[in-house]
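Below are the structure tokens for one structure; questions will follow.
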Amino acid sequence: MHLVLFLIFALFALAGAVNLLLQKHPINSALSLIVVMSSLAVLYLLLGAEFLAMAQIIVYAGAIMVLFTFVVMLLNEGREEKTWGSHTAKTLGFPAVAVLLAVLSATILRAGRHYGMISLSDGVTTTQELSRVLFHDLLLPFELTSVLILIAILGAVALARKDNGEA
Amino acid sequence: MNDPMLFLPLIPLLPLLGFLLNGVLGSRLPKALVSAIALIFPLASFALVARAAWMVHTGLALPVVEHDAPAWIVSGAMHIGFGLALDQLTLVMLLVITGVGFLIHLYSVGYMEHEAGYWRYFAYLNLFLFFMTTLVLAANFLLMFVGWEGVGLASYLLIGFYIDRKSAGDAGKKAFVVNRVGDFGFLIAIFLLLANFGTLNFSEIAAHLATPAALSGGTITLICLCLLLGATGKSAQIPLYIWLPDAMEGPTPVSALIHAATMVTAGVYMIARAHALFDLSPTALMVVAVIGAATAFFAATVAMVQTDIKRVLAYSTISQLGYMFLACGVGAYSAAVFHLMTHAFFKALLFLAAGSVIHGLSGEQDMRRMGGLRKEMPVTFWTMTAAVLAISGFFPFAGFFSKDAILAAAFEQGAAGKALWTVGLITALLTSFYMFRLWYMTFMGQSRARGHAQHEHGHEHDHKQAHAHESPWIMLTPLVILAALSVGGGWVGMERFGAFLAPVTGKAANAGDAHVELMLSVLAVLVAATGWFVAHSLYARSESRGATESLAGPRRVLENKYWIDELYIACVVRPIEWIARYVLGWIGELVLVRGSAWLLAGIAGLCGEWLRRWQSGNLRSYAAWLAAAAAVLLIFVLAGTLLGVGGFAQTLSWAVR
Amino acid sequence: MNTTVPAEWYLILSAALFTLGVVGFLIKRSLISIFMSIELMLNAVNLSFVTFAHEWHAVKGQIFVFFVMMVAAAEAAVGLAIIISIFRARGTLTVDQIDLMKL
Amino acid sequence: MDNVILSLILLVPLAGAALVLLLPERGKIPAWIALLDSLFTFACTLHLPAHFVSGRGGFQFEENVLWLSHPRISYHLGVDGLSLWLVVLVGLLAPVGVLASWKSIQKNTKAFYSLFLLQQTAMVGVFVSLDLMLYYGFWELSLIPIAILTAMFGRNLSEASATKAALRFFLYTFIPSAPLLVALLWLYAHTGSFDYAALQAAIASGSLPGWQLGWVSVAFLLAFAVKVPVLGMHGWLADTFSEAPVAIAMIAAGKLGLYSLIRFHVELFPALAREAAPWMIGLAVAGILYGAMLALVQRDFWKLLSYATLSSLSFCTLGIYGFTLSGMNGALLQTVNEGLIGAALFLMLGVLYDSARSCQIASFGGAAHRAPRLAALFVIASLAMIGLPLLNGFVGEFLVLSGTFTGVGKGWATAAALGVILSAAYMLRLIQKIFLGEAETNSPRIRDLSWQETCTVGVLAMIMLAMGVMPTLWTSTMEPALQGVTQRFLTVDQAPVSAAYGAVTSASTGEPR
Amino acid sequence: MTPDIFRIFPEVVLTVVGVLVMVADASMAPKSSRRPLGWVAAVGVMAALAASLWQSTLPAGTAFFGTVQTDAFSTFFHVLICGIVLVAILLSIDTLPPDKSPAQHHVGEYFALMVFGAVGMCLLTSAVELLVVFIALEISSISTYVLAGYRKQTGKGPEAAMKYFLLGSFATAFLLYGIAMVFGATGTTEVREIATLLPAARSHVFVLLAFGLMMVGVLFKVSAAPFHVWTPDVYEGAPTPVVALMSTAPKVAAFALLIRLLYGVFPLLHPLWMPLMWVVAAVSMTVGNLAALRQHNVKRMLAYSSIAHAGYLLAAFTGSGTEPIAAVGFYTAAYAAMNVGIFALLSAVGGYDERRSTVTDYRGVLYSSPLAGGLMLLFLISLIGIPFTGGFFAKFYSFTTAMQGGAGWLVLIGLLNSGIAAAYYLRLALSIAQPAASSAKAEGLSSVGVGVTLAVGIAALATLVLGILPGHVLDAAHSAAQSFAAVHGF
């Protein structure tokens, strides 16, 4: 069961990711990304992280991707043009990516034997546990996030507003 | 130490004082004062020398060496001081230098009266006396070298006295540089001496040489040849004589003093001074003799065709110096010095008389435009006649005695000596010929003056005097005195002179067979007479001068002085310039020095440009760079462990899990 | 039927998604798509975090993911604002045309 | 007084520089401050020879204060016979430089004089530092004012060649000092000290790894050789001479590099310096002839002077690497000579250049008519340069050559002595073309020396004469220090030496072998 | 027991000031001048600086459940970062375009962003929990992304921000992946726990991978080659006062992080990262200097030079013991002083709208405004590394450290590089010192206000003090290194 679910959603995630790359229109890419994120949410569930699965759907697929699609619409960005601006990206980038993948997977395969098997019956992290750590041990980063968000808002306002006098 | 109160340091220092006074203040002083300063200090020096001579005459033991002289250059064991020494040789030289020197100063007062740099001239002249007296008074080689270089400087300054005349500057430069070549030899000799003897003092070196464990012949020969190179430079011998004819660009009294009577004889003095060394090296002596004979002959041939009165005298000087070298070469040092002395008298006289002629003709130097001056300038004529007779070697003029001594000494030196003697005799013939040629062309016949000449005497003489005029008495007085010396200077006699010098120059040339000597003397006079006769037949009447035109070929060779100057330029000057300009300037400087720097900078620049090209501005390229860099970094970090590569995995043996 | 999946499979998936994100950065022409590729990379990392959190039974890993989401949200806000401003300034989002500064 | 005198010499120019910067640039205020300041400094430097105890070995007037404890760097100053006269020379050249700039620098005088005084501090610092890091600091610092002043006040600003010259000068000297710093750091890493005496002892003890030490000494040598400059590394010289303002050009070459060669190469690495000696001697002799021959054919008098300088500096190098007392004595004396003569020549050529706006020799002629004082003093300086006896140049050259002759080889000395002939040729050619002959078209613009300039050059000429007549005044203080150098060299290497060499060393150290 | 809040007191102060500025900006009349906000921010940062200094009286210790650590190390960098931000703010007060100009800027937000950014940078130096590290890094990054794009009108500004943002996020993803891996290997993200657990990690290969990935992220932040590609473009596009800040403060913080990672997290990997640092240092110096050699745009040139300086800094890591930490600390201080100084003058002389951009544009500055020109020379001399300036001592100390660690060749490469570097620095310096061509712009400074004067004065003073009397700062750097060593136990 776990294996089937994993395989299905892993495939979904990969397919979504590949589709993200193949689609020429940003909207389609965004939709593909949502597929990836949703698949990942399921995988999180499989890994016993139900809170994160929810957050993944709500924050990522919901809030962030909505923002993306909104901007795509706002700027009325059409299909990607076929440009060949970067030679380097191909000649240097692709070998590099291949190496990256090779190194990462080789490492994981080599280290994998030290890690166990995951099954559905493994415990699920409760939100209570989560919040205890979040609001106690990691109080400082949590508070810091507020500063981060503040900066983000501030920055977004500063950059995105029009500079023609009216504030 | 017995201090005979000779005040030796004052002899050079007094003229130096004159130089400083005139040199610094001269431009602001009235002419009379400048003259007074210029005359008083040499006169005082002369007085000191004369006093010393008198003291010697009355029994002062020579040599007198100053032992407590101040140190000059001290380094480790090397100690060179300002030591002065007076011995017989020095005394003779000093008498000539200060005596003749003073006379020429006196003459100059008249001769240079109208010149712009009057004060400068006398300053230089005093400077010359300072260095020349230093040269002969020096007790060591290095101090001698001071004087040696110093007289070169004074000569340079005086040759180039007419600063607006380019040829004068060229001549001065040439004189200095050619002399430097000789000085180079002298310097090397000094180093050799220093290295081998550890001292430069004449007396100490002589003491070293006297010991049985003296140096091997090779080193001595080398030292002698180096010294000889120096001597040929200063005394205008082959191969370095080329500067002297050009040096006639200077004012005529300078030619008389420096380029005839004193400075150019420094080489002879030096060889005589270092005779202890030369005596140990027959090879070196032979070279000296050959150089002397060759120079004597060679210069005499050139002198035969010169038309410039001063150039004739210049080549004559070279030739006469050759005699002195010849004498040194055959070991007759005292004869050489004797000839040096008499030569100083008559050659100074010749020059001064020539100067008087030039003065009288408002600067004309070309003999083809002279003639018939016998009447206009009687005093000059008669004094000149005395000098001509003296240089030609007529009895009983001074030249006869000294030249005779040299030829006799040569004759007694075996087969080689005979050959040298022959050359000397032929040279005597030529000497007599060219001197009388000069005499006839200048004083006899009709005047061929055309005016417009302002060769030496500059702008003051623009008011052309139609007739030549006799010089003022301030110029004639030295002429008369010198004429007297030219006539009677030789009566001292070689034997007495040689005996006087013997403590310095070693044994006098042992008198040979009296009959042979007499024969030789007679022969010499006959030869001189022959020269006179030839000159008379060719030049007594002006119209017959064309007779020599028949010998056009040799004449051209001689008139061009064998193209030696051109040869030097082509073989020495041009190659050096060529190498400097093209080999060093282009290959060395541009290619190697500049080029290497440019190359390095260029490589760095190209690398920079190449690196800059990475920065294409394209975001995706940048990402590619980052990805590639990340990949490389990961490989760097992980490859060793993943692939289990030997050494690397070992260092991180920890990481195999 | 309670099959198990080795943890390394999750990790491999994570690595693959991460690499695809890198590829996306390299080949996408639109700035927005590139930005999405970065989000993909972050998601891939998140998967690793969750996997490891599961392996270690450590909550911290999950919380890390939570924070990454926060940061992603903040980045999204700023990033999209930047994209808007660049669109205003240049009228395009094609990355190959935005190379005013180079060399 | 004795224990702060060096600091005083070091800091008074610096204070002067600050004062120049603070006061307004009105009229001649900066120039006067600089002049007074440099004269005061000169007076201070005269304190050194006056109170120097000649016989005593080691350093005198020492000051030693810990500057930084970690890494350990001290403010350690001191002079010995080697540096004594160089400090005085720098002290003398400062007012000379100010006077030389009196007329030619009219704008931005604040910048000029403050940087000029800063330069003086740096140069004095190089000579008196006994901590190698401090030394290195001054060494590097001395580059900056030269470069900036060349760029600011260079002759051909419009063609930007002044900037290029400044850049070239800087890079030529700066890049080789990188290996020098590496070498210093290496020494520090292995000894834990930058102190001169400590390093000397450590190197002499032979405890440092050998082949690396060899490279360290090469790094030292390279940095100094460029600064001297030795043949092949002189690429900056001609440009700097052509472009830099007179007061700067006259101090750019020679002193610093030569001093450093003796102090920090020969004295610090006696054994290794010995190995380098054949190369250095070869380069020196080649440099003498190369420079002289190129000087012979130059059309531009700055270039001529630069090649002439190369030639005469090569004499110093020759003297140093002959390892004979005479040679070293001569080299050090010649270093001072070069400073004096160069200053005088630069000053006078600068006047010529400024008044005629040309450095082409051919465009001059007959200048002696319009500028008799200039001509006379120029001839004197030239004669000193070409080594006329009784002027200083001769003593130096003679000592160097005699040392070389006995200590190195007759052939080398003879070849070097050929330079004496050539030097006469090029200097007299210069004199003749500029001062003699008929007046050229631009000669009416030539002015004679002003009274300040006459006095300045006159004083320099007097010193040249004094040094030529009484060199013992100078050598007697130099010699003990140099004797130490040659002595150390002897004790370090007992390898069999040639007979001639042995004879010389025993002669020069005054001891039987 | 020190209350936790004191451990983050400077950050708290900064946050409060940031909020204050932000709120004040929002509540001020739209047309009124925002300049006073700059002064408020400056005073606030000064207060934070004081707070940082005050922190040095606290005993070393952690707070917030072991997520932050204050000790001499963090204090050193806090003071440094606050100082840089202070100078940058002072500088901005005068050089930003006036409020009334057409290119009106949101000055209030600008200052708030600077102050908030400082919070992140400061925290980065004291964080001992990777989560805090991550968030602090993001805070500092996002604020600089935004600031880099502040000149929206030019087209270059947004491009700079875009490049910086996307590449920065790209690199952050790698860093994050690395954190995930280290978490995977040890099960924790707390620095000291990781260090103790590392030898017993589940998979050592993951540790290596984690290390590699984190290095990608950090080396990007310090703009070391070959992760430097963003630097020139971003420096060119960003406003000059911002470059003054972002070329220094985030780098200082990133270097503190690098120290934390290398010595705190991965001391075990020393045999691995030492050669890595060697290579990266060598490559950074060479690439940076060579590329700068042919650069005409001054800001790009200095961008490349900052890459080279990163290389000099990294060279120190090849040293042994605690020396490298002290050397890095000192270097960052000196580098900050001279770099802030030169960019401050560039913005004062070149103007916000960059009337002068190429090297030749700076001809004659020494004549039109002698003081500014002279100080530019001073900073350039320091950048070259001439003794008696901070730049020299920094380089000297860094290389001494490397030499003591046995990296002789690296030192040689480094110093030869500084020779090359002299070429382009001097080109600018000589251009400044050269008289301007008659037709060239002869205008003087665009704005000489109290702010700029103070900013440049502080930078110049710091540069000189660090060069002539570096004793105190060296001592501080040493005690920082000591306390760091005490905390992380090596």
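To keep things simple, chains are lettered A, B, C, D and E as they appear, and every chain counts its residues starting from 1.
Here, a residue touches a chain if its C-beta (ideal position, glycine included) is under 8 Å from a C-beta of that chain, and two chains touch if they have at least 3 such contacts.
Quick caveat, the model's predicted, so the values are computed rather than measured.
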| item | value |
| --- | --- |
| Neighbouring chains common to chain C and chain D, by label | B, E |
| Chain closest to the middle, measuring from C-alpha centroids that were averaged per chain | D |
| Chain at maximum distance from chain C, centres defined as averaged CA atoms | B |
| Taking each chain's C-alpha mean as its centre, the one farthest from chain A | B |
| Interface with more contacting C-beta pairs, comparing B-D to A-B | B-D |
| Separation of mean Cα positions, chain E and chain C [Å, integer] | 27 |
| Between chain E and chain D, distance of the C-alpha-averaged centres to the nearest whole Å | 43 |
| Distance from the mean Cα position of chain C to that of chain B, given in whole angstrom | 95 |
| Distance from the mean Cα position of chain C to that of chain A, given in whole angstrom | 5 |
| For chain B, residues contacting two or more additional chains | 612, 614-621, 623-625, 627-628, 630, 634, 638, 642, 657 |
| Two or more partner chains touched - positions in chain E | 131, 135, 138, 142, 145-146, 149, 152-153, 158, 161-162, 166, 170, 184, 203, 205, 208-209, 232-233, 420, 423 |
| Pairs of chains in contact (touch as defined earlier), listed by label | A-B, A-C, A-E, B-C, B-D, B-E, C-E, D-E |
| Touch list for chain B against partner chain D, complex | 27, 71-78, 142, 145-146, 149-150, 153, 156, 160, 163-166, 168-170, 172-173, 176-177, 180-181, 183-184, 187-188, 190-192, 194-195, 198, 576-577, 579-581, 584-585, 588-589, 592-594, 596-597 |
| Chain B-touching residues of chain C, taken from the complex the two chains share | 22, 25-27, 34, 95-96, 98-103 |
| Contact footprint of chain C on chain A as seen in their complex | 1-4, 6, 10, 13-14, 17-18, 20-21, 26, 29-30, 33, 36-37, 40, 43-44, 46-49, 51-52, 55-56, 59-60, 63-64, 67-68, 71-72, 74-75, 77, 80-86, 89-90, 93-94, 97, 100-101, 104-105, 108-109, 111-112, 115-123, 125, 129-130, 133-134, 137-138, 141, 145, 148-149, 151-153, 155-160, 162 |
| Residues of chain B defined as touching chain E within the complex | 601, 604-605, 607-609, 611-612, 614-615, 617, 619, 621-623, 625-626, 628-630, 632-634, 636-638, 641-642, 651-652, 654-657 |
| Residues of chain B defined as touching chain A within the complex | 614, 616, 618, 620-621, 623-625, 627-628, 630-631, 634-635, 638, 642, 657 |
